[in-house]
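Here it is, the structure in full.
Chain lettering (A, B, C and D) follows the sequence in which the chains are written, and residue indices restart at 1 in each chain.
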């Protein structure tokens, strides 16, 4: 007991006084334990990898960049506590990606924090939370997003589907929460204008991460006669869905957001769905520019996992650029202004820019399918021997969706 | 000293501690953490009205914390929008009313039975409410929850409650009030009958009390205070989301209360402080923190079912008798193998964690309490296992001595 | 439609039998020892992981026989060195012990096998199509699962009705507390019962692992449903557990197939009055129906459908 | 005069077996009434039926003329009937004083009150205090009931039973398992507390029964075969045959 308290006292005092100005600190608030830890860890390593590149090149304005990993257990309330911890340790930048619920809580928290603590503002870099609200109704000057939002991805996906006349009947199956609901509405709306001839034969939502056996759902898909399925499912739901589909001999094409997530490739391989599962991403290692392929190989050699978040590379690169341009890392308003509208060469190739209106990063998107590796393709997933193959590249211009954001900028 | 004076001193001390703490721990995160501790103390104490005082094991207590939190979030948004002149410090009362309402509603169903049936109904209601939270989107706001803003209220004596420190004092005030009220509750006729129902429900019926009614009222009280805690959580985070009423939160309050000690009023207070601290800080030190949580819980259940408070209470007569210092040699003797055992266990877990989880991506070299070790080598493992075995054997030898010393001193005090 | 009904029935019965494999062990443990074992689904998970580990080294069939025995041993050890110690503190402490155990097991499994699903596959000898009905196939492995579950059910029935051990167990089911008076070595009986219960759950895990995904959350997903089964069936009633398993298996499977919402039944006016609730379809709430059932049953018949004991 | 307690043709069956088979019994106010009978005659079941622990299958039970059949134990208790148990049935983690005070609270009208301190209830505390002294546990008043000796627990059992001031008190084998000296003390206690009350007791110790009871009822196979003064019971032929005959060593 006493020990614990002594430790507590020591920590609290230390945490309170740790205001060392030297390194530029970024608080990384994502799950590092429990079910979400795999993706959280992946993100952390990804960003660490990007930061190491900058530090090896001498840092920023003569200062090192340091990432403070903080475990938020994918809990929005806990995330706020951890963000506060990061700020107390001197971080002026928070980055997060896993879960839009957390992202919405964080952006709200940071807006309020900045309002209440003028002169000590904090920026929030979002590398994976895709709720469109973050750059629309709930957009904030302090928030920047490098991942394509759900509507951008759906725009890209439907633009590709437009070119596939063999799609006639589509079944929508999604998780019953805001992201799943968003995917379902977006798919309906966009298909209606782009491919009015497609019949939507089913529109299903199932509870989030609670279903143990998807075979009843598969039976329904089967009964509907669908030839393609659109799903925003991720995690175990995705894996279970694929598995149940393969078991029942369901012959459809899967258009997904997150088939590439942890466990997905294994399930697809097991199900034997060769090149029938598609996903929509901002970078594909097997077809990326050489520099990206080199980094990917380096990353895999170092960490044993794929570089899942090319956007994380973009995030850190643009952050470095903005700090240099602003000439300071401490006046985050200047850094934010430098980021607005900034153009860069995207990690995987091509041009990209940070849209000023809503702080959404715009870049080319890729549609991929999963199957046995082609000749010359280097990277397989989860040791399955199968890998992702680029099917189509959707130009950034074809991914743009308008924003309703009315950004409030500080004076 | 009369009991009244004793109580006065105890509560005065509590007030001083609550006021002084932020002056001692000055950082923003310390304030955040202490605010959270205050909330969790109320929550755990409210849970102990059920578990410790009435003998009802609930697996769904977070339902009342969370539902009240949501009601408060909506109420806060409404008040801010309509510009109703209610200052923020009165908001927790809304939480209390929400707790009262939902406690009475679900209490009618669940308190008809005690024992296992009660536990199972609480589990069922918990799952039901948590799952509904994702379906009924307009009230629960989906998985992102309902955000709110605590500064949109008329100032209260000039305070706007933007800074965390002001929120801390708000929470501390309510924490003090709730502790006092819940303590008072244990000393009323009703409080005593809760204990009677816990000890022997049958006999309670034969002295004129309907055990069902006693359980119901206890349940409602428990929900009211859980509601206050939920309201304070909403104020603190300016956000309420569905995770707060799920099984995880219900498990957490059980853990806090049990580790703190269900048999004493102060137990849940201790538990709330310790577990909140560990929950927020342990994950900075080790990724296996959840494993430690589980192990800690099991160890408490197996070896100290009275929790920390029960263990402390065991020493109270010795402290009073002025003989507690006589235990020091025996405890010091036991402390050595105990520390070895703990060190061995922690080392084993950390090494195993390194090898099984991180070695592939980060290599097998790790830092353990300042030392750099290679988990792939045999030496650290041998050291860990050695510590574990020696600690266990040593403890086996030393423990009878501790018991002996304890018994001897207790006997002398008794005389 | 017929297709949907046929496959839903098959899937429902299969899921129900799987539940019963676990619920039977849970019921036995509860009847004999008075402990509601929170960690029971964890033994199911351990069974799946042991099955995975053994089958990738030696093959599925050895795993099928060895893994449940190992899980049973783990269960017996848990009883011997954990639960028995806690016994003297009463049932609440025992329940909490298993609660903590479930937590620790999940963490350990995550540590050893990782957080992602493992590649536990249907053995090639069973990887074919059992039959085809209206152009939908039904995998042989699922038929195998069904066969194992039914075989286990028959075996359990025979043991209970025809053997001396069965008589003791039956005595314990109807008269808890009687076992102690029978003069048997009670601690050993407890240890065996706990071990056998764990082994049954382990067997369920071994065969369910390849069909459902083997991953660390599988225990947490199934555990609460398991409680619903034994409580709805009636604590301590094997017959009740059987009926409730099938009931919940079928309800959950069929509910998924129903796309009705309140709006469809009562018209949009009524549905709008209920807000979100009015728009929700039966399929959407399928997985929470068991809990609804639990609460309703406990309100109207607190002893469960077939039970006569309350605590 | 209305009987304090009156059972009319009460029956109770568990499944196919009828344990109480048309039991009829009147107990007059202020009477000390003992129920005796061989093991398995249904004495404890009768107690459970009267006190509401189990519900009769048919028949009627009246307390001071009012129907109480099928009521919950607490309702019956509130109407002035209190009972003790054969197996000690107290609140083990509460102190002796608390045990008795729990018995006192309802009758003084404190019910479920949570707005006043129990330590400030002068009448409840005085009454509890008096009863603790009366049952001879004054020195042990702060001890948790669970650690008392057997005889002390039996005394406390009686104390809790009479604490509510019930005018009908039922004691289930109050001296079972006691030594001779302890039994004598218990008898004195029972005599003292039963003054001015109606007492119904089940007892195996015949010296206690014949020393205390004003009237005795003999219960055999779920029926009362005789109900009379001790003197008359001693002479009763049916009783001698059915019961005392076996027991007369």
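Note that a contact is a pair of C-beta atoms (placed from the backbone, for glycine too) under 8 Å apart; a residue touches a chain by one contact, two chains touch by 3 or more.
Note that this is a predicted model, so its numbers are computed, not measured.
Asker: Keeping to the contact definition above, tell me which chains border both subunit B and subunit D.
Answerer: Both subunit B and subunit D are touched by no common chain, going by the contact rule given at the top.
Asker: Computing the C-alpha centre of each chain, which chain sits at the greatest distance from subunit D?
Answerer: Max centre-to-centre separation from subunit D belongs to A.
Asker: For the pairs A-C and A-B, output the one whose chains share more C-beta pairs in contact.
Answerer: Result of the comparison of A-C and A-B: A-B.
Asker: How many angstrom lie between the CA centroids of subunit A and subunit B, rounded to a whole number?
Answerer: Chain centroid spacing, subunit A to subunit B, equals 35 Å.
Asker: How far is the middle of subunit A from the middle of subunit D, if each middle is the mean of its Cα atoms, in Å?
Answerer: Between these chains, centre-to-centre, one finds 74 Å.
Asker: Would you kindly tell me how far, in whole Å, the mean C-alpha position of subunit D lies from that of subunit C?
Answerer: From the centre of subunit C to the centre of subunit D is 47 Å.
Asker: Out of subunit C, which residues touch more than one other chain, so two or more?
Answerer: Correct list: 114, 284-285, 287-288.
Asker: Could you list which residues of subunit A touch at least two other chains?
Answerer: In subunit A, the residues touching two or more other chains are 37, 176, 207, 210.
Asker: By the touch rule stated above, which residues of subunit D touch at least two different other chains?
Answerer: none
Asker: Show me, using the given definition of touch, all chain pairs that touch one another.
Answerer: Pairs flagged as touching, ordered by label: A-B, A-C, B-C, B-D.
Asker: Taking the touch rule as given, give the residues of subunit B at its contact with subunit C in the complex, in rising order.
Answerer: Per the touch definition, subunit B meets subunit C at residues 55, 57, 109, 112-117, 119-121, 123-125, 127-128, 131-132, 135-139, 247, 251, 254, 258, 288, 290-291, 293-295, 297-298, 301-302, 305, 352-353, 356-357.
Asker: For subunit B, which residues are in contact with subunit D within the complex?
Answerer: 3, 184-185, 187-193, 195-196, 198-200, 202-211, 213-214, 217, 221
Asker: What residues of subunit A sit close enough to touch subunit C in their complex?
Answerer: Residue list for subunit A touching subunit C: 35, 37-38, 176, 204-207, 209-213, 215-217, 219-220, 222-223, 236, 239-240, 243, 247-249, 262-263, 266-267, 270, 382.
Asker: What part of subunit C is in contact with subunit A in the complex they form?
Answerer: Answer in residue numbers: 1, 3-4, 7-8, 11, 15, 114-117, 119, 121, 129, 136-139, 141-142, 211-213, 215-218, 221-222, 252-254, 256-257, 283-288.
Asker: Quick one: which bits of subunit C touch subunit B in the complex? Just the residue numbers, please.
Answerer: Touch list, subunit C to subunit B: 36, 82, 85-86, 89, 91-93, 95-97, 99-101, 103-104, 107-108, 111-112, 114, 224, 227-228, 231, 235, 275-277, 280, 284-285, 287-288, 291-292, 294-295, 298-299, 302, 310-311.
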